[in-house]
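In this document, chain identifiers A, B and C correspond to the written order of the chains, with residue numbering beginning at 1 in each.
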Amino acid sequence: MSYVPHTDAERQQMLAAIGVTTIEDLFEAVPASHRFPSLNLPAPMSEIETAAELQALAEANEHAGDFAIFRGAGAYHHFIPAAVNHVLLRGEFYTAYTPYQPEVSQGTLQAIFEYQSMISTLTGMDAANASHYDGATSLAEAVTVALEATRRKRNKIILSPAIHPQYRAVVRTYHQGGNLKIVGDAGRADIPDLLDMVDENTAMLAVAYPNFFGQIDDFAGLAQKVHDAGALLVMVANPMALALFKTPGELGADIVVGEGQPLGIPMSFGGPYLGFFATREHYVRRIAGRVVGETVDQDGKRAYVMTLRPREQDIRREKATSNICTNQGLMALAACVYLSLMGKCGLRTVAELCYHKAHYAARQLDALDGFQVDMSKPFFNEFVVKCPQPVQAINDALIEKGIIGGYDLGQDYPHLRNHMLVAVTEMNRKEEIDALAAALKEAPEEIRS
Amino acid sequence: MGSWKTPEDLKYTRNDEWLRIEGNVGTMGLTDYAQDQLNDIVYVDLPDKGDTLKKGTSFCAVESVKAASDIYAPVSGKITEVNQALEDEPELINSDPYGKGWVVKFEIADPGEAAELLDAAAYAEYCNSRE
Amino acid sequence: MTEPLIYDISVPGRCGVSLPGVDVPETPLPTELLRKELDLPEVSEMQVIRHFVHLSQFNHSIDKGFYPLGSCTMKYNPKINEDMARLPGFAHLHPLQDDEGAQGALALMFQLQTWLAEIAGFKAVSLAPAAGAQGEFAGILMIRKYHLDRGDTQRTKILIPNSAHGTNPATVTMAGFTAVELPSDENGDVDLQALKAVCDDTVAGMMITVPNTLGLFESHILEVVKTVHDCGGLMYMDGANMNALMGVVKPGELGFDVMHYNLHKTFSTPHGGGGPGSGPVGVGEKLVPYLPGPVVVMVEDGTDDEPPLYGLHMPEKSIGRLKAFHGNFGMHVRAYTYIRINGDEGIKDITRYAVLNANYLRVKLQDTYHIPYNRYCGHEFVLEGHFGDAPDIHALDISKRLMDYGIHPPTNYFPLIVPEALMIEPTETEDKQTLDAFVDAMKKIAAEARENPDLLKSAPHTTPVSRVDEVRAAKQLVLCCRPIPEWAG
């Protein structure tokens, strides 16, 4: 099947109007030597057969619909109210383009404006943009803003090693063409160690909140010291944690970025997600990406429009600080609908459920012989547990019992070999947590035999 | 023929900046022609006091709704004063480009560099040639 | 027509979800670390649905009507795509699932990589980039690393024709290169003399859009490629316009070294009101080791009884990660579905009919509007939106007036080399009746421009809002409707 509606008769009429005999005649500018190559693709397939093939592929995966899942590390299995998906499936939203023409895009524009407002509220920042691709690219763009805000006079940034390893990798990818010095994450470094690295050449210091290990670090005095050095404080935050914990604004952050996936977006094997980006008024005009502002139309009616446009790539061309054009519009809409449904009470309730269940799980696991949970700092819904055997072997044993275990930290942190990062959300019932504890208790013996 | 103001006592660049020289102190801004082309200016990304200017090199930018434009140093020097009023009222460049809309004052490094700049008549002709 | 903000219909105490109670013993919250309050709306589920349905009705969309937005390929987005991406086995799959537990997803990605490589004639494809702009960025970073690895450090320039997408120069700067703009000749092609004049050992490569943003296939493409290759540079093709090329020519066979695809243009994944997109990159032999990762590889061949084993792999000299995890997988599922249903014949038809539709509109409008560079076009063409005998009317006015006819305006003021440009891309999924209605509307507007120009200047008249005050929006920035309380900021 194809989605081309033309009948043979219509094709003939159109060709006649153009004055050619066949469609092929229209391609005369393409070098004849390379024109109409063979195309080795499968034959067309019906919708019935295609759906069956995709269903088989989908079912070949071990997913959170069939398994109890305790894996997080940047992507979380949270509850998504049915209404979110129904709004996303409105063709008026998902088959529209970027709202360049405000008169016929007020739906998208107002939804983004509401999303920006909610992100500002969550983070305690003055303004947010319409989104970046994901949490990692949002951090990479924050680096650019910090370098611009310090007028390219500073070329060093400090990244906490407790920021998601893949986010740090993305910062390196984005800035490999410049002369940026990235320090802080080579080994183990806590907040005071990072502060010791701040100097007059430092454009920014970035920390995670909660950090990659689920912990809430002590940020007392951090912002003051970073600001005294003329640098920016960037926080990579989990938006679900922000329902419960102090706003990054209260903690003195200048830019807050993070992954919006927990806000109504399915895990979907890693994307599409939602990079949120919020900042203080002082830096608003340096934000990359799209921003929606409120204004009025010719009749004085309230209206919304993309603003701060001159900084964008299509106008500023080689002087633009980022080439971003498409963002994650539909994912921002998902977060906006999700936050509307959850509201003041619902989001706090979900965050508390995560907190209580994670702490219950931590206690259960810590009580097991050979397992030890790191309780040295307060944590939200993820924690580190030291295991008696390699994490991979334990996870292999867990999957046999219908459980997707935690993330193997040894992959990224050599000193954390045999340490598992366990995530617990409102989706994990008590029975699942108890089953995890029971399975872990038996795992060492099963692995040995 | 356009009707842009080009005061006689100033020097001009082909990037549409003006320069007033008083001793070794330079004051500069955007010309009437430049503000007219840009239309409603909504933001000026001002430089810092103490920044070094290098002739022909961009040191700050102005934004209107649909465009952004760099401002280039007409001659080299060191910035001694920045027009902070533009932070809140960037439209001063539109309303009074040669007066309240000045951008920076600076210490001129090499007065000889100014010799290459256009005088008012040559600049007016240059503006008209682009219409 | 306006809709109140969701915050404005909030009623204290209301909530749009029902949540379970705590089924584990509670743990005291660390009070000294908690925030004071959370300023989110308090609304019921029905209020939320009505609010967003009202908002949706303010949008123009492909599902509602014709959307000939040039360079954006606003084709029909098949509904089956959405259902497939939402299958639980895809939607609820964790990105860090062990490879063994994600074989279905990895097999899909591997197959999509293979199909995309075949369609454009490349050796390998990475699905990692999250959007076209990121694909471009990846491509230019690969070119950079390729030269540096060979110790070729003096190459600092990337050549870009003046008809290029705005992203191209911005991308070049982000990657640490200098963009050098090339003029077009009188046919809308790259000026070969100018190209030859700048090609030397400081050129790292060239970025070119094929067909270019005038919708024209570069007449001397092989010579352009050869000229750049001869000076040691690599060729980047912006694949945003692949809808004009499938089954007609393979960029890899023309000599291009790297190209990005826009799954949200050519392969029918929805534009989503501005994303998510997906911008895979394809490369020739030279650049395979530099692909952004991870890519999906076949770890073990299949047998008669066992399917192959797939795994994620970071290419040996990779430019690195572009985002966390492995690209916008949900978009991969949609593109896979689309290619599977279309098959070889369907894919060829997409291009054939996209080009037929564009040429039909071009011919039907050429007597009413001035079309510079008027020759056979690809999937789109550019006309001038103004008339000698109606000097006050600009392309913008025509655009706004089209809205009153229920049609989304074409792309405005781009490419920059055509004054008052209107860039029109009908796509293959529009039928002849829709195209004819568009031609009628454009002709009526041309008549109105002479008879009643005010009708155009004050357009649109039938939309939820009239023209908006962009100066006010940019000057008095209002980006948030909830002032941040003292304690929170």
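Brief remarks on what is shown
Going forward, contacts are C-beta pairs under 8 Å (C-beta built on N, C-alpha and C of every residue); 3 or more make two chains touch, one makes a residue touch a chain.
Owing to the predicted nature of the structure, the values given are computational and were not obtained by experimental measurement.
Taken as a contact graph, with one node per protein chain and an edge wherever two chains touch, the assembly is complete, since every chain touches every other chain.
Taking A-C and A-B together, the pair of chains sharing more C-beta contacts is A-C. Inter-chain centre distance (chain B to chain C, centres taken as mean C-alpha positions): 38 Å.
With centres taken as mean Cα positions, chain C sits 20 Å from chain A. Chain A and chain B have Cα centroids lying 43 Å from one another.
Across the assembly, chain C contributes 470, 474 as residues in contact with two or more other chains.
Counting only residues that touch two or more partner chains, chain B has 43, 63, 65-66. Counting partner chains per residue, chain A has residues 309, 315-316, 319 touching two or more of them. On the chain B side of its complex with chain C, the touching residues are 40, 42-43, 63, 65-66, 90-91.
Looking at the complex, you find that chain C touches chain B at residues 470-471, 474-475. Considering their complex, residues 43, 45, 47-48, 51, 61, 63-68, 70 of chain B touch chain A. Those residues of chain A that touch chain B in the shared complex are 151, 285, 309-311, 315-316, 319.
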